[in-house]
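Each of the two complexes below includes chain A, the first together with chain B, the second together with chain C.
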Partner chain A sequence: MSASTYASVLGLTAAVVLLCAVVTLWRRTLRAIIRVLAVQGLALACVAMVVGLRRHDTGLIVVAVLVLAAKAIVVPMLITRVVRHDPASRETQPLVNVPASLVAAGALTILAFAVTRSVTALVPTPAGRLIPLGLAAMLVGFFALVTRRKAVSQIVGILLVDNGVALVAFLATAGVPLIVELGASLDVLLAVVVLQVLAARLRSLLGSFDLDRLTELHD
Partner chain B sequence: MNAGSHTVVAVIASCSQVVAVAVGGLVLIGLMRKVRAHLEGRVGAPILQPMFDVRKLFRKERLRPDQATWIFPLAPVVLVATVAVAAAITPLVTTGPALSTGSDFFALVYLLLVGSTLLALAGMDAGTAFGGMGSSRAVTIGALAEPALLVTILALSATAHSSNLPAIVRATLADPGSVATPQRLFALGALLVVIVAESGRLPVDNPATHLELTMVHEAMILEYAGPDLAFVTVGEAMRLTLLLGVFVNLVAPWGIATTTNVAAVAVGLVTLVAKVAVVGLALAVFEVFTAKLRLFRLPELLAGAFVLALLGVVSGLVVK
Partner chain C sequence: MLIVILGIPLAGALFSGLVPWRRGIGWLGTASASGVFVSGVVLAVGIVEGRPVTGLGGILRADALSAFMVIVIGVIAVLATWQGVRYLEAEIAAGRCTPRHASLYCVLVQGFLATMLLAVLAANLGVLWVAVEATTVVTTFLVGHRRTRSSLEASWKYIVICSVGIAMAFLGTVLVYLAALHVVGHGPHPLDWTSLVTQSHRLDPGVMRLAFALLVLGYGTKVGLVPMHSWLPDAHSQAPAPVSALMSGVLLTVAFYAILRFKVIADGALGAAFPRSLLVIVSLLSLAVAASLLLTQRDYKRMLAYHSVEHMGLIALGAAAGSPLAIGAVLLHVLGHGLAKGVLFLASGEILLTEGTSEIEHVPALLSRRPVLGGIFAFGLVALLGFPPFSLFVSELNMLRAEFEVGLGWAAAVSLVCMAVIFGAVMSHGRHMLLGPKGTATPAMTPAVVAVPLIGGLVGCAFIGISAWPLQSLLHAAARIVAP
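Then we have the complex of A and B:
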């Protein structure tokens, strides 16, 4: 792989990760949001794979396969199970409406770019220059967390933050050691399983995933 | 070859661009309708039907509303004239059309805007309720598409360090890898959304219906008849074709004439027709599977295009 192909493929896949984060703000159907999350996991796995191939780092290639299995297949499948019973469920009334969220996502991207200038100066590689994209994906994830009302879209928000962190890790230091990555992935997987149970329970109690309806404490 | 023959070839190329856009536009509309009809299980009108319609309209009587002012008859002519000028100077068939130094992206956008603005004024000129409603909607969509378009141009002109269209196309030809950069892809995605919005295709506006509640462009031109309507139809078809032509040459400029000789111009013409036909067909297939968006959902679509273009600019700063 020549240097320029490496840089352009890496740029393309990292940009797809950020694009998917923005698209989750744009789509309303929960099912579509989950599908976008799966695409983001796939793009993230591609980033890890490309960096791994470039550095001839077998550990990173294994991590890439793990990321592919966990973030592109297993986690989306788990969340899909939550919405299986009402496939038409939508994020109908987010706290910030869709056009405003999209513009906010643009602003967050610029913010991420502004605050990471000193970081990117430390890592003057093609991968290092892409760090702002990872931070932007993370910020968009936080934004989804605070403005969405449904439990499922909030789970997706957490996963967006996680994917953003992972992207920064891959780009800045070519990933963390395999054992740490394994731990982090299992952690996320466990969190998703717990949240899935929680969301399903929420739905059976309240008939929807709307967190705003949790207003009273009960035994 | 001396400078004189260069100019002659450039003028020939420009004329061929105008003719291709004018004739090709009507054929493209017919082709897109035919494809839709086939996919929907109908036979559909012949591909040349829009041409027959225009010929019929030109033979009809000139009927204009009593209260209309001079704006009403002026708008269709200005629409066709501005699109024709734009078609003459943009790099469609060759990278060096006549007056190519003035072929700026901003100039192109605002040339087209002159025609749309006059048409919106003409919609209100006749004083009917539908015309005013159509104009108001069309102007709203245009105003929402504007910021997206400006940021898109910024993203597209970054690689060539110029917003001159022939310069952008030449820069792309010199560095084919620049098409696959996130910057260019995001910007082209945003441009496609803006083109669809500006030319009133699905999911922004349905060009095939005259339904009171939803029509935008058709409401605006409801009072037009006869030769005036023919001009409006030709102008709109030309605008769609021109915008698609610019789009395909930004995506894949290969085949466009870079030298001033007649054979290269002929090759450029053939490849342009082929490329625009492919994109037009793709658009028609897409339209079969799309429903019109509610008017109040349009800001979401165009805000999406704006953010896409913005991501293009930002990732252009990141990826060098």
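Then we have the complex of A and C:
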């Protein structure tokens, strides 16, 4: 593929990753949020695939396939199992309303560009210029985590943070060494399984995923 | 050798998972922990007299610092697994725990030991990250092992906050990798700690500054440093006592070990000033938060948890000073705090078991009602507050000396003020628990199976405080690794 197609395909897929993170802030039903997360996983896998093809890096292409399987299929399936029992469950009362959340997402993106100046200066490639998008996706994930009060939205927040970091890794260093990549993916999968079990226990104990009902521990 | 150390708890986990629960499985955990401790000592002796050891095709590497951490993990694991047998029996007797859950507990504790050992034995900083993240995954169910509403809340907070924190540490690791690739290219092991240290002066300072900040925040989450400490009091107070002892006594310092490793690289790339000021900030914040929240504690397990935040703050301040004297004291403090805090959490588990409440107000006059248990708790508090002859006195004194030597006297003074406040708060809580109004009941005895390891832990803590002999050369070698 030519240099300009490479740059534009990479830019497009990386932008989709950030866009998906922002979209999770304004979708209300948990099912829709999980679908957006799957799309983000797909876009992330595309980024890894494009970088891998460009660099003729077989390891990275394998990683891309793994990312596709894990983040676009397995993880969304696991979280869907949590909400299976009440398909209409919604994020009814985020601490910050949707318009304000979107403004915050914009501000966080600008912040991401500001703090990564030293990093983008070190990688003067088409991929390097996109690094702030990954950091922005990560910051939006943080924001979702602190403003959302449903257990499932918090799991999604963690995964947004995780996908943001993965995007930075693919763009900045063409991924981490294979053994680290495998270990990290396994950790994330196991963490999602643990979170899923805990969320199911929460639901059977409280009758909902509402974390506001967990108020026993405080100072 | 390194594979053997990792293999012991893995074999323990496999065995406890396959064989149906019986009391012997609990003791097997203690045997495995003792095995880790003994092999840690053998490893340390070999390294002090010779060179660092590598294993598993260069994935594992142990120098004096790793060997020291293996010993710390081994010692506290012996205490915690010893007490674990009693915890499980009491839970089964009370009908709160099925034999299957008891087996699961043993598997997870052994897995927990294996992940901590992998963290301190990893040559590659990415593998170190994988191991630290894995500790979160295996300990979450241990925190929630009692299956109450509050322990579920604690385990949820624990995994959510720690996963996010550790994601920041991963970003930091990726940035270090980026800086390394820029210098050495895709060499054989660009993320290996040794190669990063030799190249550290050539790493891009702008990237390293961002990376180190993310690493301190990220691993700092698992250390329990402010601003990401809020999971710690909940998880440590809700977990079963042996798990609290392991988490508070060693897991926090295993995460701090990661910060120490990265500090060496950051010192090389950025000079000492930036890492130092970052560590001073998080340390003083942690001390201030711990002091203010300890004043109003009503729950003795939460009191111990906030006390850990304080000690992690002290360790961070010692690391900020960064001289060989300071790092030696930091490492001694890691061991001393692990022993004292482990003993106190295990004793508090026994208090909870026999008194049925974790509120300070409702467990008065322990010294007259339960002389042995009360005595252990009293000596544990004395050790933790830094009185001689316990080793925390020596390490705190040396950290303060080192801080004044490198011009951090003002920070040391602030830390002394916080320590004085904490001293007062803990003394008043402790006085109520230990002395308080006497009842008429006759003194109750504490079983020897509980008392022996706890007294052993306190004697050990006092012994290393009086005589530096068995550890001196190891501590010296380990301190030289962080502060050349």
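Heads up, the rule we're going with is that the second predicted complex is superposed on the first by the 216 of 219 C-alpha atoms of A that agree within 3 Å, B and C clash if a C-alpha of one lies under 4 Å from a C-alpha of the other, contacts with A are read in each partner's own complex, and residues count from 1 in each chain.
Keep this in mind: a contact is a pair of C-beta atoms (placed from the backbone, for glycine too) under 8 Å apart; a residue touches a chain by one contact, two chains touch by 3 or more.
This structure is a prediction, so every number in the text was calculated from the model and none was measured.
S.K.: Putting chain B and chain C on the same copy of chain A, do they fit or clash?
M.R.: On the shared chain A, the partners fit.
S.K.: For chain A, which side has the bigger count of touched residues, chain B or chain C?
M.R.: C
S.K.: For A:L18, select first, second, both or neither according to whether it touches chain B, chain C, the two together, or no partner.
M.R.: In the superposition, A:L18 touches chain B alone.
S.K.: Could you work out the angle between chain B and chain C as seen from chain A, using CA centres and rounding to the nearest 10 degrees?
M.R.: Between the chain B and chain C centres, as viewed from chain A, the angle is 150 degrees.
S.K.: Taking the superposition on A as described, I'd like to know which of chain B and chain C A:M138 touches: first, second, both or neither.
M.R.: second
S.K.: Which partner chains sit in contact with A:I179 here, chain B, chain C, both or neither? Use first/second/both/neither.
M.R.: second
S.K.: Once the shared chain is lined up, is A:L130 touching chain B (first), chain C (second), both, or neither of them?
M.R.: first
S.K.: Identify the partner contact of A:D162: answer first if only chain B is touched, second if only chain C is, both if each is, neither if none is.
M.R.: In the superposition, A:D162 contacts chain C only.
S.K.: Contact-wise, after the overlay, does A:V98 reach chain B, chain C, both or neither (first, second, both, neither)?
M.R.: It touches chain B, and chain C stays clear.
S.K.: After lining up the shared chain so the two structures overlap, which partner does A:A7 touch, if you call chain B first and chain C second: first, second, both or neither?
M.R.: A:A7 sits against chain B, while chain C stays out of touch.
S.K.: Which partner does A:F113 reach: the first (chain B), the second (chain C), both, or neither?
M.R.: Once the two structures are laid over each other on A, A:F113 reaches chain B alone.
S.K.: Smallest separation in Å between any Cα of chain B and any Cα of chain C in the superposed model?
M.R.: After superposing on chain A, chain B and chain C come no closer than 18 Å at C-alpha.
S.K.: Would you tell me which residues of chain A are touching chain C in their complex?
M.R.: 115-119, 121-123, 135, 138, 142, 145, 151, 154, 157-158, 161-162, 165, 168-169, 172-173, 176-177, 179-180, 183-184, 186-187, 190-191, 194-195, 198, 201-202, 205, 211, 214, 216-217, 219
S.K.: Can you name the residues of chain B that touch chain A in the complex?
M.R.: 177, 180-182, 185-186, 299-300, 303-304, 306-308, 310-311, 314-315, 317-320
S.K.: Given the complex with chain B, which residues does chain A contribute to the contact?
M.R.: 4, 7-8, 11-12, 14-16, 18-19, 22, 26, 98-99, 102-103, 105-106, 109-110, 113, 126, 129-130, 132-133, 136
S.K.: Can you check the complex and tell me which residues of chain C touch chain A?
M.R.: Touch list, chain C to chain A: 59, 124, 126-127, 129-130, 133-134, 136-137, 140-141, 144, 147, 149-150, 152-157, 159-160, 163-164, 167, 170-171, 173-175, 177-179, 181-182, 190-191, 204, 206-207, 209-210, 233-234, 237-238, 293, 296-297, 302.
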